[in-house]
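In the two assemblies presented below, chain A is common to both, partnered first by chain B and then by chain C.
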Partner chain A sequence: MDCVVTGGNVKVLAKAIHSLSRIGDELYLEPQEDGLTLRTVNSSRSAYACFLFTPLFFSRYVNPEGHGFRCKMAIKSVQAVFRSLATLEKTVEKCHIELDADRNRLTFTLHCKHGLLKTHNLSFQDSESLQAVFDKDSSTNVLKAQPRVLADTVLNFPPSLDEVTVTVSDERVWFRNHVDQEAEPSKAMLTELCLSSDEFDHFEVRARSSVTFCLKELRGLLVFAESTGLPVSMYFDKPGSPVVLSVTDSVLDGNFVLATLSDESGVQTSDRAGTPAPPADDFMNDELESYLIAMDTSMAAGPSVPAPLAPGRVGSPTATPDPWSPAHSEPGEDLTEVEEEPGRPPNKKFRSLFFGSVYPPGSPLGGHTPSSQKVLASDSEDDG
Partner chain B sequence: MPLSTQSQTDDAQYILVASLDNARNISNILKAITFKDHAIFSATPNGLKVTVEDSKCLQANAFIQADIFQEFTIKEDSVGFQVNLTVLLDCLTIFGGSTVPGVSTALRMCYMGYGYPLTLFLEEGGVVTVCKINTQEPEEPIDFDFCSSNVTNKVILQSESLKEAFSELDMTSEVLQITMSPNQPYFRLSTFGNSGNAHYDYPKDSDMMELFQCTKTQINRYKMSLLKSSTKALALSCKVSVRTDSRGFLSLQYLVRNNDGQICFVEYYCCPDEEVGDD
Partner chain C sequence: MKFRSKIIDIGCLNHFTRVVTTISKLTKTCVLRLTPDNLYFVLSGKVGNGGVGLWCELSQAKFFDEFQLEGVSAEANEICLELAPDNLSRALKTAQNAKTVKIKLTKKHCPCLTIAAELPTMSSTSRVVTHDIPVDVIPKRLWNDFKEPSMPDFDVSIYMPPLKIMKNVVDRMKNLSNFLVIEANMNGEMNLKIETDLVSVTTHFRDLGNPPWAGGDGSQAGANSQRDPETMVQARVDVRKLQQFLMGQQFNPSKAMCNIVQNTIIHLILLYEDVSLQYFIPAVA
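After this line comes the complex of A and B, so read on.
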């Protein structure tokens, strides 16, 4: 891979990397014919983000390795290359990204003013493909707004707020902070903002709906959208189905896919927020299958793979195996090198939405009872 | 000036008296070299030199010439003592660090000689504070034996570009490697950290490069933790000269302009971590 980014696009690339760093710790890089893809996923697998930069984004884009080259590296290392964002525009003339396959290094060379050359040789690891399967076009509801509108909206919520609920009706959208049902009523503060449909560039609501997702992740995308001025589109259906936030222009395409809290008590309709119906804690339902991440495990699915969880079969709330358990890794990869800490239980509310389901639904796995599943990914080497 | 009401008899006892209308002209420079608690003060009729050392490998010297001071009287050829630099700085900024335009702290620094404390008279807005700081036996500063005749490579850069590089240096790297050569890459700073290595190259014809005199290729490594101490001095400076001698010892000289436009110098000497090799 050998590509060159010039002028203002260097800052766009840097901003994309910074906004990906708000989601996950590792950057998955995959150069292909249709462009360079940068992806990341968070540790609880409840948020996935992906930027595709088409060849036109670059002043030179050459990919002699063709398909098959994929790597991942710590996102902090790449951020270090583009450290001072504020001065990037003024000092960097072009950025050259080149793969040195022999030495497993990715070289970023920044050509700066005054002849200064900054070269960063970053080591990377081979990685499996990270891809979420989602279909935004079949979403029930689609909203599109200028980034300023959304940025001003989220400003009303405290930076510490975890989750936000977005509710739509035929003509309006409500943004409300999600209050944990366990929170003390005397300490809870409810903030609600209502926007009418004419604040949006595009407002298509086919079914009233209310979805709750992580605000921090939305802010991550807004950082990018505001700096590039690109409008943000939001695609969503009902609680439990992921919301897709997307920015796009002729040379790039960014998608943030975020899990939403499901609500077993039925779709929340919203005319006014009175007391919102408390969302259920457990939220697996079979329709998530259409949003599974496809794992490109190039080895054939075989019994050596431990039982992945078919959705809807979760017993206890913590029984969610991490699909990136050791046995899912690519052949040849060190099996002890798992990217996440399998011992750490996923976030209680947004559990793993994306599964590496190797077996098709309706397979013999349907007979698995929760008790026979391992609680979390690590092998339980029983003592004695 | 209220401080000049000091009686003549007191004055006669001091072997060193140095006065400044604006104490910032000394405190800013001293802040830049406060990477260790203790500093060796050495005064001569030429002015004041303040030395701070770290692990016998790094030495910083701040030079404040006599003509920077409004009054500089010295009764001996050389006066030396050691004080706690942190305490001294606390005293110099005793009226608070904020800069209100038009208001400055006036300083009168007096020393009676061996065994006596360093006395500071500070005045701002009519309020006078007297500080007496205990002095210690001055240690002998290390002589790095760095002389101009032994200099192999020398460059003078505008601080602007070096400041950016220093602020971005990968701190997970234990060393900072400096390459100076008459050929490519001319002047290069390299780090070797957890995520990989990084190089900052300054070509000899860059407009940031004011002087380029490299006679032979030298690659030397210095402990990052030591050189990081020079960042504050770099931040204050407008120009820096980088020199290495045949042993690989590094000399960094910073040209600092104070608030009144006067020039002071801060220099750093650092010994190499290990010899990578001189080609």
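After this line comes the complex of A and C, so read on.
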């Protein structure tokens, strides 16, 4: 692998790596014909992120090893190469990434002003391919907005907030902080922000729904989107199905796939958004109250309460799975109920994203051989 | 019980937010008393709070464009709520550029103070952000605990040095000792002292001036006129409590005074344009 990134694209690459670092600790690198893919996944397998940089992103993109080279390395090491973004912008003219196959390392050379060369030799480990299988085009709901809109929205929530619930109806979107059921519900402050569809570049809601996912991971993508000015698209269906956030332009494609909560609380919170229920103490002629009531009456009913996915539902096998390319399949069918990690509260059912692999129903991930634990592509022997 | 109010002016909103933020830095929970004319943030000087007391009074007309209150009963036309001022501060901060902010008492899953702000957007429709802050309604029989504290029979009353300077001094002293002695006299002199086995440090402030009521008030005149203006009166307090008070200040008061009752209590009074804040720190042996 031998590629060169020049000018402003160095900063874009750096930003992408920084936003991936918000998700996971390891960076999976895979150069292919269609471009260089950088991927990561979090330790609980509930968030996956992937950036594809097409050959046009690079001023030179050569892949002599062809198909088959892939590696992973500690993301902190790669971040260290691109540490100071401000300096990067001012002094780095180009960045050369080259594979040193003999010594099993990847060399990052930053060509800076005044003839200065900074060379970083990062060792890597061979790895299996990391791939999440998702099909955003068949999502029920699609929203697309300028990054500023979403950034302003998340500003309303405290930085410590873990999870946010997004509810959509025909005309509006509500962002609400999700209150953990275990915390005392009466003590938590509830914040809700309502945006109307005309703030979005694209607003397609085919079924009202309400999904809850991790806000921290969304913030990771927003940092990238804001700096590149690319609009963010959000694809989602129902609780339990992953939400896909993506940014695209002609030379890059970034996707963050986040698991959503699938337990009953998803049902209750959507009810809350739906009922106007003016409090008994309140004034009926309050302007804001009537505004809210008017909003609610514009919907035929509250956001639809999707039937929770039956527990124990297993991903159906995809036909002749090709381990190395994203398979097309219905979102939601690729998710399998995974063994809960020790220490996690029992009623918290973040569905672990299951990457294209097909296991017989009920078998925990841990039941497989160590070498296949990291394999997240389907294993042709295990057609359930 | 009903409460409904609205702020339209951005300046008023910013000012109110800063007051609430100051309160939130002083205490985790406090009582908000709402009367037709004023709002009060109160912390009663109970043992549970370390004996620290807080009384902050705001004139509602200076902040709110609309203020409608229906208290517990006709004779007791006020509402007392216990809440976490930090929640209120955070909610108000998100609404800093709002077109309007409404604050009202609602009942969601529990009694709440709801802050609803209409935010401007690029498009024609506004964005509405709503914060529901859970509150505890304080029953009338407990209202006695939250009355305005009476001015202690102080021995010395003096204007404070610039709070920033005081804060810098106290910050450094905190590293050396847990307790600090504040002493002052009627001659405009104040000293901040700490004493440990290894070291003692004193910072002297001169020419601070003494508020006119000292000596002017009938009940005080007797005691004070006999006292030699040079005599120092002191109280020893927990340095962290004093530091917390100084750290929380969000803006410069027009007047800052300190009343000391020998070995009993420190009474700090800050006056801003439309707000007055009193803080009591008990002395320790």
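In the analysis below, the second predicted complex is superposed on the first by the 266 of 384 C-alpha atoms of A that agree within 3 Å, B and C clash if a C-alpha of one lies under 4 Å from a C-alpha of the other, contacts with A are read in each partner's own complex, and residues count from 1 in each chain.
Just so it is clear, a residue touches a chain if its C-beta (ideal position, glycine included) is under 8 Å from a C-beta of that chain, and two chains touch if they have at least 3 such contacts.
These figures come from a predicted structure and were not determined experimentally.
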- Message: Quick one: is A:L193 in contact with chain B, with chain C, with both, or with neither? Answer first, second, both or neither.
- Response: second
- Pick one for A:N156: touches chain B only (first), chain C only (second), both, or neither. second
- Task: Check the residue A:K76 against both partner chains and state whether it touches chain B (first), chain C (second), both, or neither.
- Result: first
- Is A:G68 contacted by the first partner chain B, the second partner chain C, both or neither? neither
- Query: In the superposed arrangement, does chain B or chain C reach more residues of chain A?
  - Reply: C
- Query: So, does A:H114 touch the first partner chain B, the second partner chain C, both, or neither?
  - Reply: first
- Task: Name the residues of chain A shared by its contacts with chain B and its contacts with chain C.
- Result: none
- Message: Help me check something: in the complex, which residues belonging to chain A touch chain C?
- Response: 155-156, 158, 185-196, 198-199, 279-283, 286, 288, 291-292
- Partner chain A, residues of chain C touching it in the complex: 1-2, 4, 68, 87, 90-91, 94, 102, 104-110, 112, 116, 118, 121-125, 127-134
- Quick one: which bits of chain A touch chain B in the complex? Just the residue numbers, please. 73-74, 76-77, 80, 83-84, 87, 91, 105, 114-123
- Message: Quick check on the complex: what are the chain B residues that touch chain A?
- Response: 161, 164-165, 167-168, 170, 185, 194-203, 205-208
